[in-house]
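First the structure, in the form of C-alpha cells, and then the observations on it.
Letters A, B and C mark the chains in the order given here, with residues in each chain numbered from 1 onward.
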C-alpha cells in the first residue's frame, strides 16, 4: 500500500488532476484499466483506450497531457511518457529481490575466486578458479561459473545459467535461467573426409546494463572476441554466434539469431524469429521486422522485412498486395500467351 | 512379458481375429512391422502398409476394422483407433517411472514449502519459500523452484528445469529438461537514449494435463498473467511470450514461438518452426502449418501456411505452382513489353 | 611461448619461407593479421587479404603455396590447407582442459554406475543406475545423467546437460552447456477431445566424434531409435526430433531443426535457422542454405534454398532478381489488361 502522494513523488514531471487530497488515496497495485476489486493505479498510452479509461474503476490513471484533455472527472496523473512512469510505479509495488550477502553452504567456490561485498550465492552454485563476481549480485541456485570469468556489480544471474572460462561481463547484468555464455563457436575445417575442429580461443565480452532472457546462447569468438555493447536487451532463446560485434542498446526479440561475424550498429532492433546471415552488417538504427531471414547487408538505415534481401516497409506493403496475384500468376501468363496468339506471335515458354 | 489375453483386456472395444488361444501367446514388446527376432506386437494404421503387415513377423497386429478386411491368416487385434490402442500397449510395456516419496538428502527445501504425499524430490533440487508441490510428483535432479510456486499432483518435472516465483501449474503436468517458466517478459520503454526495463509483475498460470518439451520458455505476464489452458502439448524449444492467452488442448510443435499477447483458441495446432506475431488471435481449431511466419490474424478457422498473411491451403497450392513462374517473371514482363511495342504502346517500367 | 621450429614440426607438409633461423623466433599466440603488440602467428586463406598480410606485424603467416607466391619478405609457413594448419596451431597454444580423474565429493553416482579410468566428474553431477561413462571424460558441474546411459571415452559434457535413460553415445563426444538428450519425442493421438500421449520408448543413439552445441535437444525415438552417425557437428539450439536418422559427418548450424522421422544422408550440410519438415529425406551431400524452410524432399544432391520446395541455387538467383517485379506485379497485370482492351478482349480477373 502506498498513497497517491508518495507515488506522485516518484514521478519526475508528473502533475495530478482532479484529486484534491492525494495523501488520502491508498493504492495497492497496478492493474489494466479493466481491473476489478482493488485499489489500483492504471495507465493509458493510446487514444484508443480513452473510453476504457472513462469506465475504469482505477483509483488513478497515468496519462499523457494530450490524453488528459479527453478525460474529465477521473483522478489522472499526467506524465510526459506514460510507460516510463509506469515502469517506476511497477518497480515501487514489486521491488526486485535484494541480495543479502548470504553464500549457500553447499556452493563450491574456488579459493582464488573473488566474491564482491553483499553478493548472494545460491545453492549448488560453482565458481571456478580466478573468477571475480562483483558486489551486490544475486547468483541464483544452480549457476555454474567456470574459471576466469568476470561478472560486474549488481548483476542478477538466473537459475542454472552456465558461463565458460574467460567470459567478461559488465555491471548491472541480468540474465534469466538456463542461458549459456562462452560455449565454443561453430568452426570446423573439412579435410580428410571429416569436419576437423577449429579451436575457439576468443572470449565473450559483454558491456554494462545488458539484459538477456532465458535459454539464450552467446558463443566465444574463434580467435578474437564476441562482443556485446552496453544497454543491449535480448529476449529468450536468442543465439549470438562467434565473432559477432553487437553495438550499444541493441534489442533482439525471441528466437532470433545472429550467425557468425555479424556486426550490429548501436540501436539496431531485431524482431522475433529473425535469422541474420553470417558476416552481415546492419548500420546504426536499422530495424528488422520479426520473422525476417536476412541474407544481404541492407544498404542504409531503414525498416526491413521479408526473406533473403529484405524489403523496406513501403515495398513490403506492395509485395503483400501482390501475393494474391502470384497465386494466379499462371493464369495471367496464359492471358499474355493468348494476346500473343491473337497478334500472331508464337513463342515457347521462357526458362 | 504379457500374454495376448492380458493385452486384449487393456483395450476397450478390441476384438481378436485368427487367434484361438490368446493366453498362450507371449508378447515382450512393441516393434514396427519390420521387427525381427522378438515376440512383438505391431500396428497398421494406413492401407499403405497392408503388404508389410502380411509379411511381418509380428505375433499380433493392431488394425482398424477396415484394414482387418485386407489381411487374412494373421493374428489381428481389431480396434476402433489403432494409435490410441498402441499408446495403451506401449504404456503397458514401458510403464512410467513411479514416484516413491524419497526426498534426496541434499535437496534444499524451504521450511515453509509443502511437498505432497509420495512425491519424490531428486538431488540438488531447491524449493523456495511458500512453494507447494502436489502429491505423487517426480521432481528430477537439479530442478530449481523459486518462491511461491505451485505445481499440481502427479506432475513430472525434468532435470534442471527452473520455475520463477509465482508460477501456478495444474495437475498431471509433464515437462522435460532445461525448460524455464516465469522468466520476465520482454518489455522495455525507450527513453533518454536507452531501453528502460518495464518490470514484469504478472505470473505464469498453466492448467491441468499440460506437457511441455525440453528447453522451452514461458514468460510471466507484464501486469496480468500469461495463461495456458488444460491439455496443451508443446514440443521442444517452444517459446511463449508475456501475456499470451493459450486456450485448451493447443498443440505447438518444436522451435515455434508466440510473441507477446497472442491469443490462441482451443484446439489450435501450430506446426514446428512457426512464428506468431504479437497481439494476433487464432480462433478455435485454426491450424498453422510448420515453417509459417504469421503477421496478421487469420479471419476464420482454416489451415494457414506461408509468410506474413498466410495463405489457406488451396491458395498455397496455387502459390506453389507459380514459384517456377516467378523465377522467369522478368521474361514474361519482357513479353508484355514486346506485345505493347507491337501495338505501338510505349510505357516506362512501373515502380 | 613456442619457437617457430617447434610449431613447424606440428604441421604436416609445411615449408618455411624467408626465415633462416626458426628456432630463434618465439611465438606466444595466434592473432588475425591486424594483431598488435604481440609475437603472434597469423594466417591468410584468401587472396583478398594479401595486402593485409604484407602490412601485418605477424612474426609468421600460414599461407597456401598459391598465396605464398604473392608475398615476399615475410616469414611464411606454406601449408596445403591453411585452416587445417591453423587448427593445429590453435590447439597447441590453447590445449583443451584435461581430465584428471577427480570425482567431486558431492557428485551422486549410483553404486551400479561405472566410471572409466581418469574420468573427471564435476560438482553436483548425478549418474543413475547402470550408466556407464568411458575413460578420460570430463563431466562438467551440474550434469545430470539418468539410468542406463552410455557415454564413450574422451567425451566432454558441458555444464548442466541432461541425459535421459537409455541414451547411447560413442567416443570423443563433445557437448556444450544446457543441452538435453533423450527427452520424449512429440507424439500424441487425438481421441475423446484431447491429445493422448503416445509413450516414447525408443532411444537416442549417437556415433563417435560428434559435437553438439549449447542448449540443443535430441529426442528419443517413438518405438525405434533416433540415430545420429559418426562425425556429426551441430551448432547451438539445434533440435532433432524423434525417429530422425542422421548419417555421418552431417553439419547443422544454429537454431535449425529436424521434425520427426527426417533422414539425412552422409555429409549433408544444413545452414542456420532451417526447418526440415517431417519424413523428408536429404540425400548424401545435399546442402540446405541458412534460413530455408523445406517441406518437400529434394530430388537430387544440390544446394537448396528458400521456402517450401526449395530452389536450387541458380533458380534462386533468378527468383531474387524477380522480387522487384513481384512488388509491381499488379501494375504489370494492369498493362496486360490494357493490351487486351486495345485488342478488344474483355475478361474478368482470374481467381
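Everything that follows uses one rule, which is that a residue touches a chain if its C-beta (ideal position, glycine included) is under 8 Å from a C-beta of that chain, and two chains touch if they have at least 3 such contacts.
Bear in mind that the values here come from a model prediction, so they are computed numbers and not experimental data.
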Exercise. Which rotation angle, from 0 to 180°, best lines up the CA atoms of subunit B with subunit C, given as a multiple of 5?
Worked result: 120
Problem set entry | Interface composition of copies subunit A and subunit B: same or different, split at half | different
Problem set entry | Computed distance of Cα centres, subunit B from subunit A, in Å | 26
Seminar exercise, completed: Where subunit A touches two or more other chains simultaneously, the residues are 106, 124, 142, 160, 178, 215, 237, 255, 307, 326, 328-329, 336, 339, 343
Problem set entry | Contacting residues of subunit B [partner subunit A, same complex] | 106, 108, 124, 126, 142, 144, 146, 160, 162, 164, 178-180, 183-184, 186, 188-189, 191, 193-199, 201, 215-217, 219, 223-224, 237, 239, 241, 255, 257, 259, 275, 277-278, 293, 295, 307-309, 311, 315, 318-319, 321-322, 325-326, 328-329, 331-332, 335-336, 338-339, 342-343
Problem set entry | In the complex with subunit C, residue positions of subunit B that touch it | 30-32, 81, 83-84, 86-87, 90-91, 93-94, 96, 104, 106, 122-124, 140-142, 158-160, 176-178, 209, 211, 213-215, 231, 233, 235-237, 249, 251, 253-255, 272-273, 289-291, 306-307, 320, 323, 326-330, 333, 336, 339-340, 343, 345, 347, 349-351
